[in-house]
Amino acid sequence: MPFVRIDALCAASDRPDRLDALGRAVRDAMVETIGIPPDDWFQVLTGHDGTTSTLRYGDYLGISRDEGIVFIAITLRAGRTPEQKQALYRRTAELAEEYAGTEPRNVFITLTENESIDWSLGHGLAQYVAPSEGNAS
Amino acid sequence: MPFVRIDALCAASDRPDRLDALGRAVRDAMVETIGIPPDDWFQVLTGHDGTTSTLRYGDYLGISRDEGIVFIAITLRAGRTPEQKQALYRRTAELAEEYAGTEPRNVFITLTENESIDWSLGHGLAQYVAPSEGNAS
Amino acid sequence: MPFVRIDALCAASDRPDRLDALGRAVRDAMVETIGIPPDDWFQVLTGHDGTTSTLRYGDYLGISRDEGIVFIAITLRAGRTPEQKQALYRRTAELAEEYAGTEPRNVFITLTENESIDWSLGHGLAQYVAPSEGNAS
């Protein structure tokens, strides 16, 4: 269920490997910390060339960021505890460094929550709610 | 008002037609099921080449997905009923198949809700709230 | 903290300058109207060529829009007042015109709110919550 967008600056030659590594880092961190099954993997991975599309970032909160910045935006159902979210952040930063060489200072994550009825994972159905909750026939 | 992002993998030659068909499918489904006017059409349609940018997906919930996967992320005001959302999912999957040849198993939809004050549809105004609700002059 | 996506149609030759101007317009409007520090600047700026990726828009609410359309999607913590949001919309439209030549009718903005725990701005930490609110060690 979590739907994830990962945006990074990268040269054309680096793209497939770097994006793949970042995608695996986020997926594995979710599996380990917030109870997501390994095949619950839905991501848009975008490498920005700095011209056609690009990223902007500042040193907000005294954190020195650079062109290694990675934006990770996760949409997921409400219900994870603060402790789980904090564990997710820590593990994502660790694995982004381990898999992709991204420095932890450059890992930017934001979560947006919605509800069970807000997901259709295929076949035009709302899999997280019982059919009787709606008018599905 | 709904603001929609549609992400699909597609070869360069397929892009304009396929993206157009997917965009129309989502728009028409909204018109038919959740009362959106036909000209209330705001979408970002992105074709991913699998290298510069790409998608990841698994077989979560036992649904076999493939490179025909389409991610549809819709931001809209709160207020649609579960029945309306379920109708939207069903009709979107039907029209994505009819217009774009996308198999229903590959249609992934997620909704994120916000409030009337969270929209400005042009001219720097918040059209969904009365000026007296804010300090607009 | 606000995390911003800006999407515009633009010819390859216009991209870097136009995207840069739009990014500065949104940033400066936030600084002036909703109390964001200048270095709290996190944006994904995407120029769409109309083929690989593209935008769709209608004349909803009687506003005539054209290929100068700009979609600005802002994720931020809950708490801004309606007055602040309206000021943000007005100032963004003004600065988009001043910096990028974008007509106010083409400035489309939507906000999505989340909570303090939903942000990690680097180092795998949730900077907006006290460590004691979670299990951070």
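A few comments on the model shown:
For reference, chains read A, B and C in written order, and residue numbers begin at 1 within each chain.
Operating definition for what follows: a residue touches a chain if its C-beta (ideal position, glycine included) is under 8 Å from a C-beta of that chain, and two chains touch if they have at least 3 such contacts.
On a predicted model such as this, the values are computed, not experimentally measured, just so you know.
To overlay chain A on chain B by their CA atoms, one rotates by 120 degrees, a value rounded to a multiple of 5.
Under half of the residue numbers at the chain A-chain C interface are used by both copies of the sequence. For this pair, chain A with chain C, the centres built from the Cα atoms lie 19 Å apart.
Counting partners per residue, chain C has 46, 112 as the residues that reach two or more other chains. The touching residues of chain A, when paired with chain C in their complex, are 7, 46, 48, 51-61, 63, 65, 71, 73, 82-83, 85-87, 89-94, 104-113. Partner chain A is touched in their complex by these residues of chain C: 1, 3, 12, 15-16, 19, 23, 27, 37-47, 49, 75, 112, 114, 117-127, 129, 133-136.
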